Amino acid sequence: MSQAPRAPIHTPLPTVNARIYPSGGLDVLSRDEVARLRDASSGMHDLLRRCALAVLTTGSVSDDPRAAQEQYKDFDIQVHQQDRGMRIDLSNAPAMAFVDGEIIRGVAELLFAVVRDLAFRAIELGEDGGRDLDSTDGITDAVFGLLRNARILEPADPNLVVCWGGHSISREEYIYTKQVGYELGLRGLDICTGCGPGAMKGPMKGANIAHAKQRRRHPRYIGVTEPGIIAAESPNPIVNHLVIMPDIEKRLEAFVRIGHGIIVFPGGVGTAEEILYLLGILLREENAELPFPLIFTGPTASAPYFEQIDRFLRLTLGEAATSRYEIVIADPTEVAKKMTAGIRKVREHRIAQKDSFFFNWSIDIPLEFQQPFRPTHEAMAALDLHKGRKPHELAADLRRAFSGIVAGNVKEEGMRHIDERGPFEIHGDPEMMQSLDQLLRAFVEQRRMKIQGDYQPCYRVLG
Amino acid sequence: MSQAPRAPIHTPLPTVNARIYPSGGLDVLSRDEVARLRDASSGMHDLLRRCALAVLTTGSVSDDPRAAQEQYKDFDIQVHQQDRGMRIDLSNAPAMAFVDGEIIRGVAELLFAVVRDLAFRAIELGEDGGRDLDSTDGITDAVFGLLRNARILEPADPNLVVCWGGHSISREEYIYTKQVGYELGLRGLDICTGCGPGAMKGPMKGANIAHAKQRRRHPRYIGVTEPGIIAAESPNPIVNHLVIMPDIEKRLEAFVRIGHGIIVFPGGVGTAEEILYLLGILLREENAELPFPLIFTGPTASAPYFEQIDRFLRLTLGEAATSRYEIVIADPTEVAKKMTAGIRKVREHRIAQKDSFFFNWSIDIPLEFQQPFRPTHEAMAALDLHKGRKPHELAADLRRAFSGIVAGNVKEEGMRHIDERGPFEIHGDPEMMQSLDQLLRAFVEQRRMKIQGDYQPCYRVLG
Amino acid sequence: MSQAPRAPIHTPLPTVNARIYPSGGLDVLSRDEVARLRDASSGMHDLLRRCALAVLTTGSVSDDPRAAQEQYKDFDIQVHQQDRGMRIDLSNAPAMAFVDGEIIRGVAELLFAVVRDLAFRAIELGEDGGRDLDSTDGITDAVFGLLRNARILEPADPNLVVCWGGHSISREEYIYTKQVGYELGLRGLDICTGCGPGAMKGPMKGANIAHAKQRRRHPRYIGVTEPGIIAAESPNPIVNHLVIMPDIEKRLEAFVRIGHGIIVFPGGVGTAEEILYLLGILLREENAELPFPLIFTGPTASAPYFEQIDRFLRLTLGEAATSRYEIVIADPTEVAKKMTAGIRKVREHRIAQKDSFFFNWSIDIPLEFQQPFRPTHEAMAALDLHKGRKPHELAADLRRAFSGIVAGNVKEEGMRHIDERGPFEIHGDPEMMQSLDQLLRAFVEQRRMKIQGDYQPCYRVLG
Amino acid sequence: MSQAPRAPIHTPLPTVNARIYPSGGLDVLSRDEVARLRDASSGMHDLLRRCALAVLTTGSVSDDPRAAQEQYKDFDIQVHQQDRGMRIDLSNAPAMAFVDGEIIRGVAELLFAVVRDLAFRAIELGEDGGRDLDSTDGITDAVFGLLRNARILEPADPNLVVCWGGHSISREEYIYTKQVGYELGLRGLDICTGCGPGAMKGPMKGANIAHAKQRRRHPRYIGVTEPGIIAAESPNPIVNHLVIMPDIEKRLEAFVRIGHGIIVFPGGVGTAEEILYLLGILLREENAELPFPLIFTGPTASAPYFEQIDRFLRLTLGEAATSRYEIVIADPTEVAKKMTAGIRKVREHRIAQKDSFFFNWSIDIPLEFQQPFRPTHEAMAALDLHKGRKPHELAADLRRAFSGIVAGNVKEEGMRHIDERGPFEIHGDPEMMQSLDQLLRAFVEQRRMKIQGDYQPCYRVLG
């Protein structure tokens, strides 16, 4: 890599102009792929610009890349084809990604990952890409294709632990996520997260130290994100494999298909939704025999959080739902041992079922989990939150209800809907709805969901 | 790799049943790709079976894989998906590919290359692959995609020499091809050929020894073939990168786009056609500025062969054509030095033009060279072999005439056409046609074209 | 590596019995070398046992390996020769070095480093090793031999920064050492320290994160220790190259010959002695032309510490001494930039002088710096601390005075000498001696030198 | 590596002046080691010059490096220490070691091996090296030290086959040695020979092709030589590990201690001596339980050669001797299978005996086999070649007799002895001596021992 830094003029934050060349041989793009990345009219260039900026501000103190979009208005990126492959030209790029005028190599790698994924998407998932994105198999195939192209799929022994949890957690919780990561790392496990800060960074940091002690040569710190999220949360600087999925649903499917087990740390509403998404899948009859280690864990102070989640899940999905997860409080070693044992069973099951180690083809994810839910008044009114339904169906609808309520409370579009048409009307069992309400109020109290003013439910229960 | 060999019963040639697993991490197939390879109805399975058998008989004394198809009638191959990726099950496979029950690792690698290329083709170039195979750009893109997927495209310094020439050449000529390969290898050049025996094997063998002396860590011996050719010529055992292009035209385009220079050894009619194909491209105005080292070479005894070719080219395409090639007789060191110097210019040109080192995007190959020529009476009558035409147009038509005449003399379908409708009628300049006739007669005399009985021209010149 | 853990009985701390095999190919010992390591009568076995225990308690909370000697009385280590090379049998080893019964791989590597160095020493520096350890060249050759055998000497570009400083420093100082290490690491510099905690660990930790970001493949965290020190300070767990020199003087010479620059963080009396050792060498006329970047640095709160050191050096060695070091306060980036620039000059000088990059043959270290100083009353009375002497001679005597005074105040043997024969009598310039006294009192106040009761000078100045 | 070639003037053969730098990190010499290599007075420089010249003429058509000494009288080599380690300056070096002014990398590696071994020898085995070269253990330790320093000792699975045989053998025999090497290579076995032409080159060439097919990444072609031999036989160009032992006896011990099995191809008197050396060791009671695969093999035409050897061994050493070797005629696959099976037993034995894989410490080699035999009349008269002696004692004396007779027939010093004092007088059993005589006459007839004029025995049998 080499670049020609230029002193910026009239810019509040220091910037650099640079030319970046990939150091490995991974980045062979076709002329057509380069052209599409450059084509401003397709929207692809703007997407590239935003993702690149997020990567270039990785590790910044401010954890808000939206601020970055403001601060580096003149930033631009151009991809060129050249002798040894590709060249990236950056203009007015954040100086923080450079040391003495040289780009930090890890940042450059993430930059090339962005280009690679967007090029793949432009070609393979574009209008004339020939993929059927309306069928379950077609979507799963697209997810597979993106992950393969990003070299995430490796025929190694199962060892990938997905960690979920909030991006803004307490210091005590953060330290705990590092300790869990350390114990996972000592046992040779790799980490995959949503690649932002907080519970997405801690496990990677802890594992990094443990991997160094264990002299692990090629540890993997996989970040799975999508354009909306990366624009809000820069990948943390430990991530050494980054993949940008096209949307949230494909991102969730990626987690579920490449992870050999999942650990959930305390988080906000997003984390609660992820739990419901996962249980909605795991409680399907089709997945009944499938081993899938799932551990909720946090420090002692976080015990109430998980008790509340647990109560809510028992009440809504029934006691059976609890067979799919374990809660471990304040014991990182125990978490790592249980995860190791769980992944051992995953390994045996894959061998027995002739399923691949690197992609969980067997897990059944129906189309309704693959397609986005848009929380309109009609969609919310169509939910059916009554006891007696199959747990996995109920979980799916609960996730949607949850998603809609959150939107009505904190998302701009949702709040406007409520303003215009009044509260959502939800058909639901009163006890269940009350429990949901308590959960939401607790999140607000614990500052895990940030709202302005007092909390006002944005829905009415119709029974 | 591991396998469970079984003693064959009632089989004339020894065979082995085996299960093969890839050793590297390159072979990550999707469920869909595996399914298509297994689908007998699509014809893909039969293609896989034939290519696999050619690879498994690599290095056999008999150089005729068609015999292999006869000898190993019960051979079958099945591709399965499994824990670490892929598993290949072979039944009644040629024992010659195994040592004490273990498959030779290089053979296994070629086998996985076959599976990889056919899987890519099944998906990407299939009906719903979304590629436009009717346009120049679409075809070039498909060629690029196949080569990239086969990991042939590397952003290294230009060093790839394509060697063309006959598969059945004299011992003296064969030794000469080894010597040239040795001198190329001493200078750090890699070799790409059609991957059969003769002039396709010699340069690789010579380079192999030189690369060992120079401690070259990752020398490349690239074989570019297509289903019809691999079924007739097993890849020689030195090949360590194999790619199966879908047809002859894409194979020729692959040679021209990845090679940084071409050496032509003595060969038969096929080699003559290849020369006309290449000159037809190089003589286009669009390619006038493009450096492309092209050397015809052979031992002293082969001098008359090249003199004749040279005379024919001068007469038909004009003296200008000779600016595009050099003839070097009996001097392997000189050939290597000239090639090294030529590739240095290619390198400079690519840098100046911002073209990639690994794929010659700049060279202009029109659609007529990308689409197959079918030699019917009508097509032959439409040729226009008169002086005064632009050399590259004339070269294109000469190649077609050549191709048709060969078909009329030795290929089953062509001979039947002649039987049914009489000789082809060709509109051509008498002197030019006479020269062509002399060339063909010389090939027959030198046993470079094998015909039964006396040579009878299969065409009439109309003037 | 593999081992058969056994549950310990009646042991207060958990222990493990294990068999360890080296994973790399580095550990080829001869039968004779193994025999000497096993020979208890030679003292070598006890030395091996103590060093091994220090390594096995690396990263322990208690930073006192002497406690470890108490706590793991039953610990033993045996070296055996076996099929693939060497086997180490551990009995009653600290369980903290193991994860689920498997030894941490980094710990195992340090263990093999211990065995390797002691084996080398047993053979090469033993009675019949044929080395002349009484001459300057002989000692330097022994230092070279040990470092080469430990694979510390690499013909890479100069990039090794030696960091000195206290093992028990303030939290603020520790964080600062990490920041400096981080900035060094971002610039591709490797770290070498005495391999204990505090200022010996911080720079490695900081560099480790920066190296990960820069994707440095083989960063070096070199720990240089000797038996007396390692028994008091376990190597920190980041160290990935450990070498055990035979004594303190050879350890200091190793630092000076392999380091391309030295950074001094705040420390206690030991650090002050090291500064005098180094200046005593650098101020020699023979070394006048030799570039050797030397930076004293710490956070703002540590400024007074360096001011005092600086005053003392100016007063005793003269203003000229200040040309050999720079003081940078609270600016890690500046430290790293200055070090980078300084090492660039070292590189140029080595090339010009045809000196090797990996071992500073040119620097002149006289025999008096290579041989240990034993602070008896006679030796102390022989010192000559008056102005007018050459700075380097004065520096050497000051270092000795320092060493003796420290011994008289805090070391068991020294204190006994004082009890028996009264204070040392030192011939010295009053002003100089007063300045020395102030420095010592400041160390006591800042808790950098720990004494019991009030501070009482253990010497009288004779003038 | 880089060099500044200069056109030679007035030199019959083309030469080059060049500066060579090592490419790997293996070559860290001390100042003292460099000095000794440069010291002409020690004889070390002349030795270095001769060995270097042999390496630089590797692969030359003429197989006589003594001619090279004549042809390149002005050749010189100087070793310098420099920034990254070592620099070698060559003046008037044979141009054949260079391609377009660049030294062939493999040749450069062998050159650095020469420097490394001679430096080790200068220091470690010199007068003040501290090694006891008068005891069995001391000599074995020196052999071990040299091999370890040359990185020949690897803790890998046993797979090293030593091949002995003549350097000038028939074409048929040479092709056979290649076939055997090919079959060994297919089975993952590495090759060690005396590193000259003929039977020392063929097995390496064959294995090289097989290793390429099996994609063996780091195949080892080890050449073990000594100054007298390398000056007469350049290492063949396939050798990638070269070690120069100080004398013939240490070279033989190296073969026996690092080889896991030995194959003997047809050869001359030297080969016969080697057989007697090895049987003299294997027939000792101390080695009775030691597995050591030993196979005599050649093409059909060589069968009589081995029959004669076999008859002689039976007659002299008794039928028991035959238990130590097997004769396989014209079956390379069988040889490789037997060797593979034999090495499997060696592996099991080493594990059971806790002996290392890479150095056969267990095999008992008495001092008399480690010390050179000088064939004077007195020494010859002291031999005792009568039946009834222990086979291994008899083998030792037979080897000596053999050695003396050869010297008396073809070596300059031996022939002069005979001229001066008449034939040797040997006390021996008539039948045994007659058999020996027949063997010698057969060698003469088969042109395996070249003498001038008719063959005249140089000894008298006294009975």
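The letters A, B, C and D name the chains in turn, as written, and every chain counts its residues from 1.
One rule holds in what follows: a residue touches a chain if its C-beta (ideal position, glycine included) is under 8 Å from a C-beta of that chain, and two chains touch if they have at least 3 such contacts.
The chain list, named the UniProt way, goes like this: A, B, C, D = AMP nucleosidase.
If you're wondering where the values come from, they're calculated on a predicted model, not measured in any experiment.
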item: Chain separated most widely from chain C, comparing mean CA positions; value: B
item: Averaged-CA centre spacing for the pair chain D and chain B, given as whole angstrom; value: 46
item: Whole-Å gap separating chain B and chain C, where each centre is the average of the chain's CA atoms; value: 64
item: Length of the line joining the C-alpha centres of chain C and chain D, rounded to whole Å; value: 47
item: Residue list for chain D, restricted to those that touch at least two other chains; value: none
item: Which chain pairs touch, all of them; value: A-B, A-C, B-D, C-D
item: Residues of chain D defined as touching chain B within the complex; value: 99-100, 104-107, 109, 186-187, 208, 212-215, 237-238, 240, 337, 340
item: Complex contact set, residues of chain B against chain A; value: 22, 25, 27-28, 30-32, 80-85, 128-132, 137, 141, 144-145, 148, 153-156, 347, 350-351, 354-358, 361
